[in-house]
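You will see two complexes here that share subunit A, one where it goes with subunit B and one where it goes with subunit C.
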Partner chain A sequence: MAGATRTPLIREDASRPEAVAGLAIAVAVALIAVGIASLFGLVGIDATLGGGSGMTAIGGVTTVTALGGLLVALGAAVIGLGVGSALGYVETEPSPNAGLVATVAFAGVWFVLGGLAASVAFDGVLAWLPAGAATGGAAFVTAAATREDVGSTLPAGAVAVVIGGTFLTGTIGPSWVWDLGFEQQASLTATFVVPAATIGCGLLAGWAAAKAYGGFGARGRRMGAYLLIYVNASAIIGVLFLLIAFTAVRGIPGLLTGATVAPGAGPTVSVLGVSVALPVSVPFVMNGVSLLNDFQGVLPAIVGTVWLVVGAVVFAVPLGVGAAVFLTEYAERGRLTQAVEIATNGLWSTPSIVFGLFGFTFLVPRFGGTKSLLSGMLTLGFMLLPLVLITSREALLAVPDEYRDASAALGVSKWHTIRSVVVPAALPGVVTGVILGVGRIAGETAPILLTMTGGTFVSGDRAADVIGGFAFTAQPPFVTNPELLRATTALPFQLYALITAGVGLGDNVSNPTEFQWATAFVLLLVVLSFYAVGIGARYYFRRRLRHE
Partner chain B sequence: MSHTTDTRTDAAVTRWRRRLRAFREETSTAALVTVGTMTVALLASLVGFLLASPLTALPFAVFLLAAGVGWIRHQGLTARVVTFAMTVSTVLILLLITAFIAVESIPVIRYGTATAFGVPVPGLRLFTETRWDAVSEPIRYSMVPMIHGTVMVTAIATAVAAPLGVAAALFLSEIAPGPVREFVKPGVEILAGIPSIVYGFIGFTILSPWASDQFRTTGQGSYLFVGIVVGLMALPTVVSVAEDALSSVPESMKSGSLAMGTTDWQTMTSITLPAAFSGVSAAVLLGVGRAIGETMAATVMLRGVPQLTKPLYNVFYGQETLTSLIANNYGNAHGLQMDALFLAGVILFITVLAISIGSQYIEWRMHRKLGGEL
Partner chain C sequence: MSETTPTSETDRTTTEEPDRETTEEPNQTTTEEPNQTTTAESTEADDSTNATTHTTTGEADERVREEWREYEFAGKPKFAVEDLDVHYGDDHALQGVSIEIPENSVTALIGPSGCGKSTFLRCLNRMNDRIKGARVDGSVRIDGREIYQDGVNLVELRKRVGMVFQSPNPFPKSIRENVAYGPAKHGDIETGLLARLLGRSDEAARDRLVEECLRDAALWEEVNDRLEDNALGLSGGQQQRLCIARCLSVDPEVILMDEPASALDPIATARIEDLIEQLSEEYTVVIVTHNMQQAARISDQTAVFLTGGELVEYGDTDQVFEDPRSERVEDYITGKFG
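Now for the complex of A and B:
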């Protein structure tokens, strides 16, 4: 589809204005990158360029001034591209006006710009409204009434020139502060305004330059839109990587504290009566918290999370898959299916804390009146149920009707068809859905906050031992398991408790910050490994389906 | 009007009777007894559980036994009954949630009675005053500060998630070349998988101190940054639902437009987006629902002081949302204060349920319009 507009003819025709537009796009992207870097404090805005401090290679230009210069140049280039096209120096195909989106965007930006300038200039006077209306109106008229080559470049370029000008002239210098005059005190400072404005100008001018690069008109707008959409997609992926990498870098030192690799270094595990000492010891995930430990860890939380997940899966998966089977195979479309659909989607969007409240008032009094592992399992099971139901139903619906018809034609009863044809065919989809759903609930904090959580620092021997806890009694309810009815901890709650514990933390662990980040990292690892397995399973099944 | 309703009801009842009779005729007595035992035992265990009776295990054991017998002797019928019970249980869970949290919130609604035009209106004072104080007299449980907080956070989150999410959905469904798509799509899914407490932790340790420093605020926690973080968390919901809507637009419509010589971007803006508009707005609505219900990031990053910001549009201070109120106070709340937390839960639940039903209605209309089957 896209190839239709990108003919080799245009490529070969790359003339000088197109090179200028391309350069402007590159500068805009670079400015956005610098803006983001200085927002995170990687580039100080009052840093001196051209060598270390004191060295005045280019006259001690600060970052603000340099950014201002670049912005003015970028704005001028963008305006030049538009004016050049309007005067007929460049062959373009502009539309009669800049289009609705551009017009609204420019009017909005200029309204804010004019209003802000007036508020800073006349402090406290209600001058911002007329000023903003004047500048916004001017931008609106320019974008709507002039031909696209001017209408879509002039307002954008002018923003960059004006803002760059304030940086260049020192109106907004490194120590600029504007007290907003709120009752709860807040100010805008240069360290925030300069990078933010640079990013905004970069986006706006880059958009306009991309339009010029495409020669305005339909092709130009496509160019501009694609630039913004690609920037957006890479920003989302960038944030994801940043989050994971940041947590990993901060968390790994804590995770590996005291870790050793040596034969027999680890704890002893017995498999089928044969005891083997593991060759790896990672105290953080193998210990609890106690005075005698050399290194403290979060083993009880990991065990708690595992049991929570197991309990929720045991409760929700049969229920969800069964309901999905009934809905797709037995029920006729009608009131019941509609009600179930509404209920499922309602459950899916119910806030997790509401599930917690429900567990607190419904489950906790019925399981001994105290917070317990069992209440937590069921609460998470309620949350998992709609996820399982929705994905299983989709998987069952995707099984072709030919399968059912062929089986029925052989004289197989309906239930046997479901059991031996439909469900096996839908199994990959169901399994994938369950894994992704589990990944989601494993990280939930709010529901278990009110239903199952106990202390912050739990010693290793208090890790839940559900299998060993079952016992039979003569009185109803005949089966008891104190382990299930006891409050325990889980990774997400452990992290929450570590955040809120504040000062008391230092008494229990030697390096609280490291301990926190390591907990966050372990939680992230657990959850993301579910996602990795789920996504991997989906690819595997899909590829196998294609080969068949 | 009522006449036709009556006839319709009559017809339905007759149909039911006929179906029931047919069912009775084609099923053996033994199977009927088994299924009947299962049903009665299951209902009894439900009642027992609701009454918190320790004897609940008894009828449940009977149910399991009957189901076991049924599974061996009449597998098809048993499977049908069991899956039906499972289906009903999903509706039942939603009803139970509604009933239980609503009942718990009644006392505080009574406590908040205020007179308007000489008529006492229960709960009115909770929404007309702005004071929340559970300790010192006069004790008041106003929901207004928390509703303000939730509205602020949700508005900022929507401003982040809606445009970025729709753009990313367009990218995934229409623009991205194959390999890029295979890379970005799981990335968005993983973004949804990062636990909210991890977002909250990073926000609390990195973002909040930074923001407090940048904007020279007193103390940490601002609606602005909670809103941005929550928007990031609502983003995957918007992307995946909007992408479904965009790719459900028939390919023939798009090809028809492209054959007229438009660019693919023109096709997107004038054919695909308008056709999928209702689906895309449903996606944004669901994203709003996610943002309203987001708990842990808000709890950790906000100040936890239930009051309005001054002035109301001061986004650089973050006090409390409905969700964080519950998470912050459940530990030391009892009596009326606990009931007030349940009221916050009821408000959240009703809002989000309304949003969910609304978005389902919009999606249903879109499917009907595009002639797809549903």
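Now for the complex of A and C:
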């Protein structure tokens, strides 16, 4: 039996099949990338490639046809690799069969394919069930009963060939629509189906090609798993960058309208009594909205968002960390701590509109009866509190007990130990929690809609001036700040009002679409800059805890 | 006694109850089980045949005698412990330990795992208070003052009785901050912002203290040019010496060490051992160790704990290692079990 799993110590030269398999992997990855790009509308399904501007030089061929051709070639290559290995042309070490997961997956894919084909061919007849069962069963038997080299390449390659064939022959063309026939209007169009099917086939055939590249067996499976993991990871990163790029491309024109760089072009800023005229003028982020502006801006909303986040963090972090210190260091583990844990987890998953209603009915009447910046800050602070508590608690629990013991053995009191050793060691974790929480609350619309926002468009000179708003009085409460008690606006709310409620159309805004995208982009930038601050803080605290 | 592991309660109680009587009324030993009625020498001869079967678990059917634990020394004791019992929940970790530890010497506590050495050590500065479910009965006196009574100032006690742990546990701070941590927290040294603003900063005093402690811990030469570096960047042996320096910084009278060299390589261990011998001139050192050669090398007197949390033998190190009075201790020391 030992001989059955013995593999050659030194692999013979296998450069030619490996080159074919490597090429197939490259084609599969490229297909997946094109599929994702076309899902985002970057590559049109019916676009004609060629004429010099396209990616390939095939004149007059639509993207669908090109994708179909590539899929067929990919499938054929994968099948060729498998069959070549089975016939002994290529030296490989395949396992006896393709494995349970692959078998079941192939059976499922082929069941769907067969069923779909039958339901299109015999419309309205229940023929899809036996047809699907037949193809699915065939795939199951192929994968289960044959050796791994055929069992895992033939079904995968055949999927690519069949789907590529439908693209190539025009069965599914650019204008293909499948009306699902529900009462509601619902249909699958080629713009969705073609990229999705391409991505699916690319994954399947790429996986099979990677297995062939590794010569099947244990090494081949590892290669297949690598391919799936790497494609998955890069797809996540790719989607993230696409999202940001998508917003940036549409937002930057609006953001930069009227921007000038010249000495003294910008508004005058006075710092410590010295007035300096900024050399940069970006009206979109420096103006509010008024009749006189040649280009309207979102300055009050930016200021409002920043103050909201700052206020919420200032409110929630000390409370959250304090509660976490109490629960971790002082409270006996028991009913109370468990109840608090359940309650905080529940609070964190509470819908934000519920927090908004709480602010609306509880906070707003207590702060002058009108919506105000302070109510918004506190509402978002309450939203942030559970996450800060949960993450701080985890971070405190992760501080080694040796630190506490060492400190106690020096005769240092518990409070001093917590303040000087435990909390500093937990700070990176706390900061991580705050970063996550800020990411959520900075984009919240519902709670501030109910607690904070007044008019959508606030003129630039009415941006909340929280620091300058503090005034001292002789009577209690001695400190007043009308700025905190006044309604203002914030970026997510402004975006919501612009798009959903249609506010601002024809309201001095020359190009509403550009304005909206620019607002979204600025919101993204504000959130990202909060992230940058948080990540910088975490890096600083980590450096202090670790050597170099 | 069975050859199985000694965990069942009935086994415990049958061996425990006679023990109590022996300690209270030594004369009654003659009424005990037949193989114990003979003299010590003949007992050893009798038991030698079946001793191997028993002692693999350290559970020989041997009674602890009061005189094995008697140790006369000149000078006054630093610690006087009487009838110390410790329970962790239902687990009886220490049973009626009585011992006197002389001043300015090294006392080694040896014994197999789980025999209560560390528990005993942690009783001496009341670190067991920090363990949930631990209950301590009995009396521990330091310089004649009882530490298990109401109104004991734990801060002062732990300043006087410092502790070094098994694994090096410096704080994730700079080397200087690690050493100055204790005095700063006790208010002996003020280098905070307020103190600096008021011109009362003790930075010079702090630096003197740091240097002195690091020199005493034989670490100064290695780190004097990088006191600002994080202590976690030091090697294991350096970290442990830093922990000793940190312990010295609060000017203790006693240093408790819980297997301080078990995580270190032989060279670092040798340095720690040299250090312990130097420290014993000024401080009372109590050290728990698994390494019997180490105990023999560095200690003045040795206490042997065996399974069940009993103190079996206590005496001058040379006597304990060369002529142990208890047969089980002999088996343990010669490596028959443990």
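Following the convention adopted for this analysis, the second predicted complex is superposed on the first by the 396 of 548 C-alpha atoms of A that agree within 3 Å, B and C clash if a C-alpha of one lies under 4 Å from a C-alpha of the other, contacts with A are read in each partner's own complex, and residues count from 1 in each chain.
Just so it is clear, contacts are C-beta pairs under 8 Å (C-beta built on N, C-alpha and C of every residue); 3 or more make two chains touch, one makes a residue touch a chain.
This one's a predicted model, so the numbers in the text were calculated from it and none came from an experiment.
By the document's definition of touching, of the two partners only subunit B reaches A:A331; subunit C does not. Of the two partners, subunit B and subunit C, it is B that touches more residues of subunit A. When both complexes are overlaid on chain A, the residue A:I535 reaches subunit B alone and has no touch with subunit C. Using the contact criterion defined above for the overlaid structures, shared-chain residue A:R440 touches subunit B, although it does not reach subunit C.
By the touch criterion stated above, A:E402 is placed in contact with subunit C alone, subunit B being left untouched. Judged by the touch definition given at the top, the superposed model places A:G411 against subunit C, while subunit B stays out of reach. By the document's definition of touching, of the two partners only subunit B reaches A:A186; subunit C does not. Residue contacts after overlaying the shared chain place A:V354 against subunit B, while subunit C stays out of touching range. In the superposition on chain A, the residues of subunit A touched by subunit B in one structure and by subunit C in the other are 413, 416. Residue ranges on subunit A touching subunit B, taken from their complex, read 1-2, 4-5, 41, 177, 180, 182-189, 191-192, 218-219, 221-222, 225-226, 228-230, 232-233, 235-237, 239-240, 243-244, 246-247, 318-320, 322-323, 325-327, 330-331, 336, 339-358, 360-362, 365-366, 382, 385-386, 389, 413-416, 418-419, 436, 439-440, 442-446, 449-450, 475-479, 492, 495-496, 499-500, 516, 520, 523-524, 527-528, 530-531, 535. Within the complex formed with subunit A, the residues of subunit B that make contact are 49, 52, 54-58, 61, 75-76, 79-80, 82-84, 86-87, 89-91, 93-94, 96-97, 100-101, 104, 164, 167-168, 170-171, 175-176, 183-184, 186-202, 204-205, 210, 214-218, 232, 235, 258, 262-266, 286, 289-290, 292-296, 299-300, 309-311, 314, 316-317, 323, 326-327, 330, 341-342, 345, 348-349, 352-353, 355-357, 360. The touching residues of subunit C, when paired with subunit A in their complex, are 125, 127, 130, 154-159, 162-163, 165, 167, 169-172, 181-182, 185-186, 229-233, 243, 246-247, 249-250. Interface of subunit A with subunit C (complex): residues 400, 402-413, 416, 420-421, 424-425, 544-548.
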